[in-house]
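Below are the structure tokens for one structure; questions will follow.
Read from first to last, the chains carry the letters A, B, C and D; within each, the first residue is number 1.
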């Protein structure tokens, strides 16, 4: 079978590099175009030294105005928020299918986007086309979509355990505390003083308060897919590790054993969702380097408890879920090219 | 002025090593005895290579049955929980003053100890003597005490911001969420597989659930010093850094600006408590290597908000507060030998 | 095609865990037996939480006296040095093929083993059977071997660049300085105080002097494969990272551009050997998570220069090369189941 | 005694922050002026959150054209290389004493500076004034100097052990290999992609070849103070830790026990130089957070051996040695305000 050619725009950031690693080893996709406007003209291997295939390492990074060949039906856009929308509009007009790893089409309306990102959305007319790509819960909508909005990392780690509990009314939706911790790769590859090694190493901090922009995404999809208005208090932290994300979810209004039964039932056949035995909690070591979401829970009182949900922010939280969605969109086995094994130690 | 001779029992753990570093550079205390039963007969400098004073490095580590000279009035016990009590009983009988860094006398009764540590307390008769050494809030009781119970690291990080708010009834005590993150030195220096570098590095995990033993300490002193029964939901995490502790405290029932005013007023003259401007949150980099507790807060809704409290678990969370208490007990300036500067980067 | 069943003995150490990850995703091998004497009776997934396949996670770890089924033709032994030899003797007698990741059969004689490991070799009669598995330079001997001695990590990183230069007489063999740095996973998974997170993090140290046991392996195979008696001064260091190994090789007696030409020619068709453009030096980020050895060099004077050679100690330095060798032994494409992409960031 | 007021220019880099920490706690110096051109107008505490003294945290950072008060006799310049020289010329003209932490006056001539830094020196006329501040070996020259050139971190770690051996002709000066490893804070606080957390963490690299600019400084002072032309092959590496520097020095032409005797004799009364017992090698944990240089050595052959020298790059390698020199210049006890204790763990 011929491999389907794909393009990656924004190829030299961390999610772009992860897309290259995964797609070049994918049996059914083939990297045919790499865009990286700020690095245009360089060889990909100069900027991403981890590339193991000399043919890919020697590909020249393209400027944003270089046309993408007609033969390429699928484009991954891993551009900064705000930079994606206009480019995507043009791609959509040309009949491409697009998997967008930015936040530009994750919301249900341009109004929410405005609140969360403090900017007018440049292409509100595309919202009706966009499908929110939380793979396990949106498969049917994903299959035929032209524009897939790949979920944010924090929302993915939260929504996978939360939505089935909302659907079954097993928790109180009025006060959901989500205390999340992210590895530093989630902050991207821009040269900023606060992301220097010595500023991150041996320290940790909360950020994004009073309301992180992912909070809108969380509440919107909790309601849409869970069927209840949820009041989510979300505090993200950055911690001194490269990859990995943990959301510690403090819940009331039910017993953790009931939550456990529901999540086991919901996800029993899902290759990338691991529900641990009741009372066990995952480490991010369970998932680092894999596309797996590992979830554990325990009651801390009669009517309250804790769920811990771990993902690799660059895989299930970004590039891995993007490829899972690409598999769905192109009719391939959903696990193709993705590992459920963590790279450990 | 002659320096007061002191002994350290359990000198070769992480808190013991930190006591050595601080006490040897303290102008009014002098290290006169180092006990470390499992390392007896070795030179201190063999086991703790960071010691900078050859005279201290050459001291021989003593077995637990080596008598402590009469000339030493103050003993720091940095022994594992459960191993302290009997030794302390004997020291107290001999008229020594004791600062105990273990949990053995942090509780108000042997009943709470039994619940939290799942063991009968060996010396319940000493409870009436013990003073809980949360320095800023217990100064008057500390001055003349013979047996000081140095607070746990997690409780210190929580109680300093919480108690004034409870006292003033500015929060709802019925559902207090404390999501804490600790550097790995808090887990001690025992050779355990789960504390190996490769098991901690690039990963994080929650532990101690459904109810960590510090949870009893937190609730007991919240009630005793804050005057309200508090329902504290506490989830600790271990993260890949050596030192540093952050408690992210999710609160309801009031506005964070009112909390800020109260904490500013309470701690305005405290050299080791830093209340950040409203809306700013501390990093553990603010306090690493210092005896400071740095506290920030922000509202996340009309009636709810987040307080972030950072300490160095080995300083304000253990050995630093122990020396602060020793200063109070011996009438020295409270900041003597302690820095409020973080070692950064 | 049916997958060939294999067994792993010593499955719960770091190299064992890496073998599981790689073999379970290998199209032609199938894990059929997991031995881990000290953890016998547990499920594999309890001890190695990174396992992504529930079927493998549920396998029960076997004691060392559990017979290995006749249907399994290939055994990977990832046991401590000294513990392998007798077990291997029995396996060989039963007609199994063995890939041994310990040092027990890496030497050309029991005399060298005695010098390096300070112990009599228990099965010297097997030495004639053993093939040293430096894949790229020993392929023809590996194909039909019954007992493969997988090379040490430090020797692999050194010998790949060194041997071609010795063969061509392009360097002075009398004073070769190898200053190596290893991630901590190379020290294994035993619970030792000096390997605790807080003892490794934010520090580094040299070890193994005056003569590390890998020094014998290096000199023996430099002579055997390079044809010259080499005087190798080897100083290994342990640094605060989990995976990755760099050997900085200080050489005299020739020009680095000549070395570069030779290494480019020797390895031009090798999928796992990357010779960087002259003057560029690799980071361990080039190889982390991959089976690649990345090599760069530069002259530092008329007649001297530096070669930097990087591998992932758990892949090309252990389990990855073991599988590369298994591919050769069973006639599979040599790269099957192995990636040349680094997992980055 | 009144404290001597001092100024720091370049106060917000890592060496500047370390100067603030040390000087504010120094009994005889007092911080009276903080310059940081790019951050002018901000409070110091905004940019350096580790400052523990509110009075210092509230000082306003000054632009480079703000006059320094006449009452300040001593200026620490922690500016980038090349930016110091002209400012220093002006300060010197105004009668100030200057301790320069840049490389601008570390060389014996503008010719060497040109070779090492590839730039014409802007103030060659000041070279005769400058004293190279390797404290232990230059005390007499330092006392009365007006312009002190604080040594580089790598040269400090090398020259302290090397010079006595050269002076006594105990090594072959023709081929000295210095393989050095530095924590990342040595690379400064500029926002550069290659210094981001994710680019440094879990990786390491060599850099600065074929000839790092500190190589000139090493050879020049080896000759000047050691009395022999030394041929030093220097390869620096950056490793994933914040602080700490190790130089592994591979030497020939003598026996390490003779080296040990000489270094013990040379440094026996030096509070900041630790010569370990023969055969023991230091970790950077011996010195992290202290002004100590810890040195160990072992023979690796009849006529060759290894010396390992460790410092904290921000203390003995920069700001600590600067204050040691300030103590000498102002007649204070040399250890004042400096610790020989490592902060560990």
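Operating definition for what follows: a residue touches a chain if its C-beta (ideal position, glycine included) is under 8 Å from a C-beta of that chain, and two chains touch if they have at least 3 such contacts.
A quick note: this is a predicted structure, and the numbers were derived from the prediction, not measured.
Of all chains, the one whose CA centroid is most distant from that of chain B is C.
Of the chain pairs listed in C-D, B-D or A-B, the one whose interface repeats that of A-C (more than half of its contact pairs identical by residue number) is B-D.
Once the centre of each chain is set as its mean CA position, chain C and chain D turn out to be 39 Å apart. Between chain B and chain D the centroid-to-centroid distance comes to 35 Å (mean Cα coordinates, whole Å). One inter-chain figure worth recording: chain B and chain C are separated by 45 Å, centre to centre, where each centre is the mean of the chain's CA atoms. In chain A, the positions touching at least two other chains are 14, 185, 198-199, 201-202, 240-243, 282-283, 285, 288, 345. The residues of chain B lying in touch with chain A in their complex are 175, 177, 179, 181, 183, 198-199, 201-207, 209-211, 233, 235, 237, 239-244, 246, 248, 250, 252, 281-285, 288, 298-301, 304, 306, 308, 345. Per the touch definition, chain A reaches chain C in the complex via residues 14, 17, 21, 24-25, 48-53, 185, 202, 242-243, 282-283, 285-286, 288-290, 292, 314, 339-345. Of all residues in chain D, only 14, 184-185, 189-193, 195-202, 240-242 touch chain A in the complex they form.
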